[in-house]
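As written, the chain order gives the labels A, B and C, with residue 1 at the start of each chain.
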Amino acid sequence: MAESIVMDVRDFSFTYPGVEKPSLKKINLPIKENKITAMIGPSGCGKSTLLRAMNRIHDLYPGNTYEGEINLYKANGEKENILKIKKENDFIRLRQEVGMIFQKPTPFPMSIFDNVAYGLRLAGIKNKTELQDRVETALKGAAIWNETKDRLNESALGMSGGQQRRLCIARAVALKPRVLLFDEPTSALDPISTGAIEELIAEIKDEVSVVIVTHNMQQASRLSDYTAFMYLGELIEYDDTEKIFLNPGEKLTEDYITGRFG
Amino acid sequence: MNRLFVNKLILGLSTLSAVIGIGFLFWILITLSYKGITSIHWSTFTNDLVEGGIRNLLVGQFTMAILASFLAVPLGMMAGIYLREYGHGSKLASVIRNLSDVMMSAPSIVIGVFVFALLVDPFGGYNGWAGIVALAIMMIPIIISTTDNMLALVPKELREAGIALGGSKHKIILQIVIKAAKVGITTGILLSFARIIGETAPLLFTSANNQFFTMDLNGQFPSLTVSIYNLATYPDEASRELAWAASFILTMIVLCINLIGRFVIRNKK
Amino acid sequence: MSGKLFRNFSFLSATLSFFLLVGIFAILFTYAQDAMHAFGIDFLFNETWEADEDDEGGVFGGFIPIVGTLLSTIIAMVIATPLAMGIAIFLTEIASPKISKGVSVAIELLAAIPSIIYGMWGLFYFAPIVQKTVGGDGVGLLTAGIVLAIMIIPFMASITRDSMNTTPLVLKESAYAMGATKFEVIKDVIMPYAKGGIIGSIILALGRALGETMAVAFLIGSVMSLPHRITDPTTSIPVLLANNFAEAQDLEMSAMYYLALVLFVVSFVIISAAKFYFFGKKAK
């Protein structure tokens, strides 16, 4: 069964401003549609850097150098090299299609409802009932509807850490992006909340394609369909998760996942 | 697209605001420098006000500001030390901290009126001491708040390590904590000195002014800023020129002290 | 010095602020007694300020300087607030770190210039421009208000910048990640986040403008009459005090104390409000 690809990173190199050596070197990585792709690797290997290139959030700060291509495939099969984007409204469109969830929960200083409705309003949805419907769907999708339905107008800052993370996921899901990028979404979270978020990610993959950066090997093997192992700015190995964990092709990968890393 | 236009517009206007701000700075500095430099002569520095110079005024202004600092710096630092080292966390300390911040923004003219009632009226005339006290009252809250903030930056571990070595609290404060915060506090003192050396309102009816050179603080005392105010409104050209020269010199002094203060922070960090 | 002595001395120094505040209030209140008895609260609404021939008594009302103070402050705030916000936005969100640093230094130098310099510069360079473009005598409410605005902008801008800078980077990034424009991020994330500090800075600047003496003294015209047009000369509480306090006698002197008390109380209230209400919430 051939799976279609939603994003495709090709020969991609990335250099931060003022740094001589590239932080990413010739990366090739396909992101399969409606699958979960995990990125693993030691700290500083460039996972976040790659993730942040995929919706060009790097471009909030000037002076980065991109080489190669990152293609985004539209529903109609057209492809777009997102590294070519220059105009502000193309950036906006890209970020609506490729959403991002950060390591720390980032509720905006507004009510729970407005947090989820925020992106929808930006996207131009003004109709009240439509907003309400989509906020409700998103909150249900993120499994916090029951906890929040009676306090939608309260500030989101009053929620617990785990709830805030789920709210941020709901907020991103509400926009119906094609791809969602997660940067260590469960770091420093208790096991129960971690479980809830993993379950959530597993569920939303029917709707979106997911890329997740994690330091937790169990999480990567439990959750993902494909795994990419990175080391010192290079992609060492990419394959089915099962293959990577049971029978890695590279010695480095094996050392890393078995914890025998120097 | 509408959103993008609004975005561009606001960002453009913000940039314009910054340009306007910088524009005014340069406008003021350039006109001031031009007027000032063309009005300065050698005699400006060697003569006293009565002979068309500012020698006595500079000496008088510095004398008052320095003596005010002698009063304000120890008091302000001690108060800051109390707030951070002894009273920290207590209700009293937080009330005092707030009151001191309120004092920092009290109108300077009101402080002048207060000191007039306290030190001029009962003693039968303007005097240098009154000017010093008025400036010190302006300076104390600034010193309190800098000391307080700078001590807050000293890591708790440093104090604990001192205690663990058997030091007594006040020795640790004096020998360790203050040393650690030295750079920040010095900067604060310099900046507050720059602030009071340019003050006019608190001096108008405390020290008032004196045309002659004097070091007698019991009588009217020469002030550069009060003289600028008087000279600028005299109709004759010579007075105005002297006012420009004095303004230029005052501004240079204030800006230099400021830059030195900021330079100290940058280099010691 | 023994530990106990040191501690006690530091405690006494700390209480000094309290005694100063109470002392200022008590002195102004005491010396204002004559005028308070003579004119009561109507003092605030009476336009007449006239000494008798013999200089012993007269009718003194604070309405004109009070109105002048308020109007010049309002003009200053209306001009300064948007400009200061713009500068803060430029510094935090638009300029590159290098430019931002340079402009910040310039803005802080602008704040360091003594107010008497603003007054003098305003009188000789700015007033003629106002006169040419808007009419009037050059000196008057408008000129005073504009120069006052230039004076408080740096102060307002740097506090606003500092509180905008406290917005966590990830919070901004996640708004951008949802497709927000820079302006939307500023409006929906940064401003609400920094709200306390921003409103606090506006109120503190307001307090400064109300109490500013020297810049206004050169520029407001210092005449005891109500302004009818925005370019008209008038006076303000600090300016009246600066020019006439020292020569005043008896009842007039007491009326001056009364005005000083009004100014002191108003700025006390304003600054306390800023402190306790807006900055207080975030502290600790």
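One rule holds in what follows: a residue touches a chain if its C-beta (ideal position, glycine included) is under 8 Å from a C-beta of that chain, and two chains touch if they have at least 3 such contacts.
If you're wondering where the values come from, they're calculated on a predicted model, not measured in any experiment.
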Top chain pair, ranked by number of contacting C-beta pairs: B-C
Chain whose average C-alpha position is farthest from subunit C's own: A
Between subunit A and subunit B, centroid-to-centroid distance (C-alpha), Å: 53
Inter-centroid spacing, subunit C versus subunit A (mean Cα positions, whole Å): 49
Between subunit B and subunit C, centroid-to-centroid distance (C-alpha), Å: 17
Residue numbers of subunit B (touch at least two other chains): 3-4, 7
Multi-partner residues of subunit A (at least 2 other chains): 88, 122
Junction residues of subunit C - those touching two or more other chains: 181, 184
Residue ranges of subunit B in contact with subunit C within the complex: 3-4, 6-7, 10-11, 13-18, 20-22, 24-25, 27-28, 31-32, 35, 74-76, 78-79, 81-83, 85-87, 93, 95-96, 98-103, 105-114, 116-118, 137, 140-141, 144, 168-171, 173-174, 191, 194-195, 198-201, 204-205, 208, 225, 228-229, 232-233, 243-244, 247, 250-251, 254-255, 258-259, 262
Subunit A-touching residues of subunit C, taken from the complex the two chains share: 96, 168, 170-181, 184, 188-189, 192-193, 195
Footprint of subunit A on subunit B - complex, ascending: 1, 3-4, 7
Sites on subunit A touched by subunit C in the complex: 55, 57, 60, 62, 88, 92-93, 95-96, 99-104, 106, 108-110, 118-119, 122-123, 168, 171-172, 175
Footprint of subunit B on subunit A - complex, ascending: 88-89, 122
